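Note that chain A is present in both complexes that follow, paired respectively with chain B and with chain C.
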Partner chain A sequence: MNASVRGKHSLRRLKLPPNPKVRVGIAIFVFFALLALLGPFVVQNVMGLSPSDVDTTQAMELPSAEHLLGTTATGEDVFAQLVVGSRISLLVGFVAGVITTTLSVLVGVAGGYLGGRADSFLTAATNVCLVIPGMPLLIIVASYVQGRGGWLTVALVIGLTAWPWGARQKRAQTLSLRHRDFVSAAEMTGESRWGVITRELIPSLAPIISVSFLGAVVGSMFADAGLSFMGLGNINITSWGSMLYWAQNGAALTRGAWWWFVPPGACIALIGVAAGLINFGIDEISNPRLRKPSKEVRARARAARLHAAAGGSAAKATAGKSAPVQEAAS
Partner chain B sequence: MPAPAEPVLEARDVVKRFPLHGPGGHGKEVHAVEPTSLALHAGRITALVGESGSGKSTLARMLALAYPPTEGEIRLDGAPVKQARTARGKRAYYRQVQMIFQDPFSSLSPVHRLRYILSRPLQLHGHAAGRPELERQILDLLNRVNLTPADQFIDKFPHELSGGQRQRVAIARALAAGPKVLLGDEPVSMLDVSIRLDILNLLGTLRDDEGLAILYITHDIAGARYFADEIKVLYAGQLVESGSADAVVEQPRHPYTRLLLESAPDPERDGGLLDEPEVVDDEETLGEPPSLVDPPAGCRFHPRCPLAKPVCATAFPPRTHFDDGQWVHCWSYDEENYR
Partner chain C sequence: MTVPALGTVDATVVEPPPGRRLRSARLGTARYFLRRLGFYAVAAALAITLNFLIPRLMPGDPASALIAQMQQKQTLSGDQVHAIYRLFGTPGEPLWDQYVTYLNQVLHFNFGISVAYYPTPVWEVIRTGLPWTVGLVGLTSVLSFVLGTAAGVVSGSRVGSRFDSFMTPASMFMGSLPFFWVALILVLVFGVQLSWLPTSGGYDGDMLPGFNGPFLASVLQHGILPALTMVMASVGGWLVGMRNMMVTTISEDYVLLARAKGLSKARVMFQYAARNAVLPSVAGFALTIGTVVSGQLLVEIVFAYPGVGYLLYQAVSSVDYPLMQALFLIVSLSVLAANFIADSVYGLIDPRAREARS
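For the complex of A and B:
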C-alpha cells in the first residue's frame, strides 16, 4: 500500500506543468534533444546523406526534394550539416552550462552562507575572475588551443570563464536567505552546513539557479557559435557555429544564399526562445503558491460556491467567487 | 516552591555583548545580556518575561547555541556544553534541546511539504529506519500536535495551512528530535488570540505528559501566569525578579514587574477594564527602555522607577530572597542602604 502511495506521489511530481508557454518551451527543447541524439544516425545511416561530402556539380542549390535545405558553395548538404551539427552545439552548450552553473552555485551559495574567511576568499576569487573580460579571454584561450581537444575543450573554456556573474548573483540571494528563520530552524534540527546548503538554500534558490542554467546553456551556445564563426573553434567539426563560419566565408549573405545561414541561426534563436518560455514555469515550481489548484479541488470549490449561491445570498456567492483559491486551500 | 533536584538545561552567569559596527560605533558594544543564570527543570515551564529589547531572545538563542555567550557557560544535564563547532556535536545537543520560533510564517521552508519538514529531524537523529517507520512516526507527530486527520496534512505545503496550524507543525518538528527541553521564543505572539490558548494548552500537555522542560519567552505576563510554573522578569538584560508564577503575579516585588502587570488589562483588578487604570494614566511617566549601548549605571531601571533613590544609580542591588522562593533585585528591600 505504501509503495503505491509513493508511486502516486512521484508521478504527481513528474506531471507536465499546465502552463502552455512552458509546454511549448519544453517541446522545443525535447525536439532539439531528440534531434541531437537520433538525428545524425537517421540522416547519415537511414537517409544516406553526408554533412561533409563535397560535390561541386551541385553547389549553391536551392532547397529541393533531394537537398531539403539546399547545398553550400562546395555542394555539401545543409540539412545534413544542420542535423549533425546540432549534436556538437547542444553538447557544448549543455556541458558548459553545467560547468558554469555548478561553479557559480558552489562558490556563491557556499560563500554567502558560510560567511567569514571562506566568504572573503571566495568573493575575492570571484571578483578577480569578474574583472578579466570574458570574451577576449575566451578568444585568446581558444586561439591558443586552436581546436585541439575538440568540443570538450571549447565547453571547458566557456564554462570556466562564464561563472563569476552567476556566483555574485547567487551569493547576494543567499545572503538574504541566510538569516531567515527556516534556515536557523534547519540548523537547529541538527542539519550540517552542507545539509543546509543542499536541502534548504539550493531548493529555495531553484528558480534563480534554473534560470541561470538555461541562460548559461544558451549563452554557451552563442559563445561556441561566436568562436566558430570567428574561426577560433575547430572549424572542421560540423556545428552550427562552423556552418555560420563557412557561410560567411562563402559570402552566403551577399550571394543571397539564405538557406545556408538562416537554418543554423534560427535554430540557435529557437533554443533561446525555449529557455525563455521554460523560465515562466520555474517560478511555479519554486513558489507553490503560484500553482493552480488541481481540477478536483477546483471542482469542489465551484460546488461550494454554487451551494452558497443556491442558499440565496448573492453576497455570499460573490465572496466565494473572489476567493476560490483560499477556499480550496482551507 | 522547592525546585526539583537537577536542572536539565542551565545557563550560568551568561553574558552577551555584541560589538557595534559602522560610523561612530567603533569599540562600542551592545550589552544585551548581563550575568544571568537560568535553570530549566523537567516537567516545568519557566516563563521569561520582559519588553522588547530586554534580551529575552538573545538568552534563548544562546541556549540554542545560535551564538556563543561572551562569558559564562551553558550546562546540559550538569555537564558544560562546549561550544560545539562540529556538526556532530551540535546535532547531539539539538537532540536534547529544540527551539520553537516566533514566526511560523518564516520558520517553515516554503518549498517543502510537511512530510519532508518532519522527516529531516527524524532521519538526522536516527529515530526512524526505513520508509514505513518514517511515515508512521510523521503521522504520529502530526497527531501529537492535533493536526488531524494526519494523513491529509502530511502532503500539504506550509502555505496551505493557517498560522496556528503552522505553529503546530513547528512544534512537531521540534518534538521530532525527541528533546528534553523546548525553547519557545514568543511561540504565540504572532498568532490570533483565539488560537493562542490552543497552542499554550498543547505545550502544557507536553509538559505534563512527557515531562518536557519548557522555556516560554513572552512579553505577556498575564498569559505567563496562566501557563507557567515559574516566572522570571528580565529588564534590559538583567533578571530583576523570579518566583512561582502565582507569587510573582499576585505579589510583585519589583517596581518593574508591577509596571508590567499594571499595563496588562485585567478585569479582576480594582477599577476593572472600564475605568481609567490608575498608574498608566500618564504615558509619559512610563518612559522608554534604556539604551543598551550605554546602559544606566546601577539598577538599569532607576531612570523609570517611581521608587528610585540615589543608591539605585550607583550599584546594582543584591538579591533579596523571600520565604516562598521568590527573589528580587531591588534596593527598596535593603533597609540599610535604601534611604
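For the complex of A and C:
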C-alpha cells in the first residue's frame, strides 16, 4: 500500500544530515569511491605510470617529482600502486559489505519481526557466531582456498563470517518498530510476512542499514588487508593489503622506507576514520547531549552562571533548551 | 576492528537498580550461570565442528596432500599417516565415523605433528606460544578498559570541556585505525628511527629463558611496543562508549539528588553516575575479546612476538595445516572461555542480567 509515498519518505530520510562529522565522513567515502573508479585509468593512461614495472636501478627511492611516493624494493612506483590498488581493496570491501549487510538484515529483521521460536533460534545462532573469533576462521579458510577464485572468494568468505554484529543491531531496531501502527496497518490489509519485512520494515530501517553498510565495508577492508598482510588472499594483485605484505617482506620497516607502507595503511585508516566520524555524528544527531554545546549556548550558560548565585543548576537549565530529538538520523 | 560505539548498543539499561527480591535472587543466579554455560558449550561444539568440517569441505584432498608434503621431509610411520587421516579426513569413510574418531583425537590433545616445526607435535608447539599471547591480551585488554573507562567518565561528565574536546576526537581517530598498521608505525618511530626499544621477538635472543631478573626485564622491554599498540588501538572505543553513557546517566534524577545533597563532585561522578554508566561497557567487554585477539594475531606478526599469532603466521607461510587447525581450535576455545568469565563478572555485578528472562 502506498508504496510510492513510503518510498519518497525514506528517500527524504536519507538526505545528507547537517552534522559536520557525518558530512566529512561521507565526503571521504565519495573521494575514495571516485579514486577507485577513475584513478586507475588516469594514472595508467593519462599519467602513463605502471604499478608493476620493475626497475632495479631506481629501487627504494625517496618520493620525488618523478615518483610521487617513491619506489619499492624492485623499483615499482608506489603512487601508481596506491591508486591502482584502491580498486581491488574497495571492491572487496564493497562486495563483502553487501553480503554482510544482506545477511544481517535478513536474519535480524526476520528474527525481530517474527518473534517466538524463529526469533529464539536466529538470536541464538547470531550470538554463537558472534563469539567465535572471525579473523582466525578467515585465515584458516583462506589458506585452504589458496587464492582460488581471486578477490571474489575473499570477499565471499569475509561476508559470510562478518554478519552477526549487524544482525543483532537490526533485530533490536526491528523490535522497536514491531508494534508501530504502520506495521499493524499493513498486517491488517493482508500483507504477507515477507511483504511486511521487505515493504514496511526494511524501508523504515534504511538509514540504519546504510550506516551499518558503511561499517561493514570498512570492516571487510580491514579484514582483507589483514589477510593479505599475512600472505593470504591476493598478494599478486595490486591492492593496499598486498602492498603492505610486500613492504613487510621487502624489509621496508628496517630500512626505514616509510613511503612504501605508510600510504596504503593511511588510506585504509582514513576510510576507517570516515566510518567512525559517520557513526559518531549519527549518535550526536540521535542524542543531542553528546554534542559539544555551541558557542552561543556556552555564552548564555556563562551569563546565567554569573547571574545565579547557585551556579551549576542554572547553566544546566539553559543548556537543556536544545530539545532532545528522538528520531534517529532524521 | 571497528567495534560499534558501545553507547549505542543498549541505551535503555540505565535506570536505578530495582529492589532486590532476595529469595528468587539466588535461584536466578544459578539459572543465569547454567544458561551461560549452556550457551558457551553450544558455541564450543560449533567451533570444534567447524574445525572438523573445514578441511573436509575444501576442494581437493588435504590429507593426501599433507602426507605427500611431509614425506618429502621424512618417511612417515603408519601411525603418523593414520593420525593425519583422522584429523583431515579419510576418503570414503562415513562422515559420522570420522567425527567420532576426530573428537577422540582432540580430547587427547593429539593434533598430529607440525610441518613447520617438524617433528615436534603440534600441541607442544602451541604450548610454547600460548602464555605469551594470553599474557599480552589479558594485560592490554584490562589496561585499556580501565584507562578508557576512567577517561570516559571524566570526558562524559563535562561535554565540551578542554579534556573532552581533545580526547574524544583523538580516541575516535585511534579506534578507527587497523591494529597492525599502528604496530608498523610504532616500529618505524620507536624502533627504527629512534632505536629506543627492541622491535622483534619476546625477549633478547642471547638470553636463556628462565625465571631471573635480567630475563624478565628483557621480556618487559620487548613487550612495551606490542602492548602499547594494543592499548592505543582499543582504549578509544572504551572512552567513547563510556563518555556517551555518562552523558545519558548524568541527567538522571538520582544523580541530581546526589548533587543536591551536596556530595563532592568526585563522589557524584564515580559512586553515583559511573557505577551505572559502566554496565553496558562491562556487558560489551565479552564481545570485544574476539576482536582484540584477532587484532593481536596480526600485531604479533609485525613484532615477531612468539605468541600464537606468530605461530599462525609460520603455519600459514609453510602450509602447516595441522598447526593451523589446532591453533584455530585453541584460539576459539580460549576466546570462548574468556567470554564466559567476562559474562560471569557481568552477571555478578548487574542483578538485572540474572533476572532477565529472555
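In the analysis below, the second predicted complex is superposed on the first by the 228 of 330 C-alpha atoms of A that agree within 3 Å, B and C clash if a C-alpha of one lies under 4 Å from a C-alpha of the other, contacts with A are read in each partner's own complex, and residues count from 1 in each chain.
The criterion applied here is as follows: a contact is a pair of C-beta atoms (placed from the backbone, for glycine too) under 8 Å apart; a residue touches a chain by one contact, two chains touch by 3 or more.
All values derive from a computational prediction rather than experimental measurement.
By the touch criterion defined above, A:Phe182 lies against chain B but remains apart from chain C after alignment on the C-alpha atoms of chain A. After overlaying the two complexes on the shared chain, residue contacts for A:Gly265 are found with chain C alone; chain B is out of touch. In the superposition on chain A, contact of A:Ala206 is made with chain B only, not with chain C. Note on chain A: of its two partners chain C and chain B, the one contacting more of its residues is C.
By the touch criterion defined above, A:Arg302 lies against neither chain B nor chain C after alignment on the C-alpha atoms of chain A.
When the two complexes are overlaid on their common chain A, residue A:Val141 makes contact with chain C while staying clear of chain B. Contacts of A:Arg23 after superposition on the shared chain: neither chain B nor chain C is touched. Taken together, the two structures place residues 287, 289 of chain A in contact with chain B in one case and with chain C in the other. Interface residues of chain A facing chain B in the complex, by the touch rule stated above, are 2, 6, 9, 180-182, 184-193, 195, 199-200, 203-204, 206, 286-289, 329-330.
On the chain C side of its complex with chain A, the touching residues are 1-2, 4-5, 7-9, 11, 39-40, 42-43, 46-47, 50, 54-55, 58-59, 62, 159-160, 164-165, 172-173, 175-178, 180-181, 184-185, 187-188, 191-193, 199, 240, 243-244, 247-248, 251, 259, 286-287, 290-291, 293-295, 297-298, 301-302, 312-313, 316-317, 319, 321, 324-325, 327-328, 331-332, 335-336, 339. Put simply, chain B touches chain A in their complex at residues 64-66, 87, 90-91, 94-95, 98-99, 101-103, 106-112, 120-121, 124-125, 131-132, 135, 155, 157, 159-160, 162, 170, 173, 176-177. Against chain C, in their complex, chain A makes its touches with residues 124, 127-137, 139-141, 143-145, 148, 165, 169, 215, 218-219, 222, 225-226, 229-232, 244, 248, 253-254, 256, 258, 261-262, 265, 268-269, 272-273, 275-277, 279-280, 283, 287, 289-293, 298, 312.
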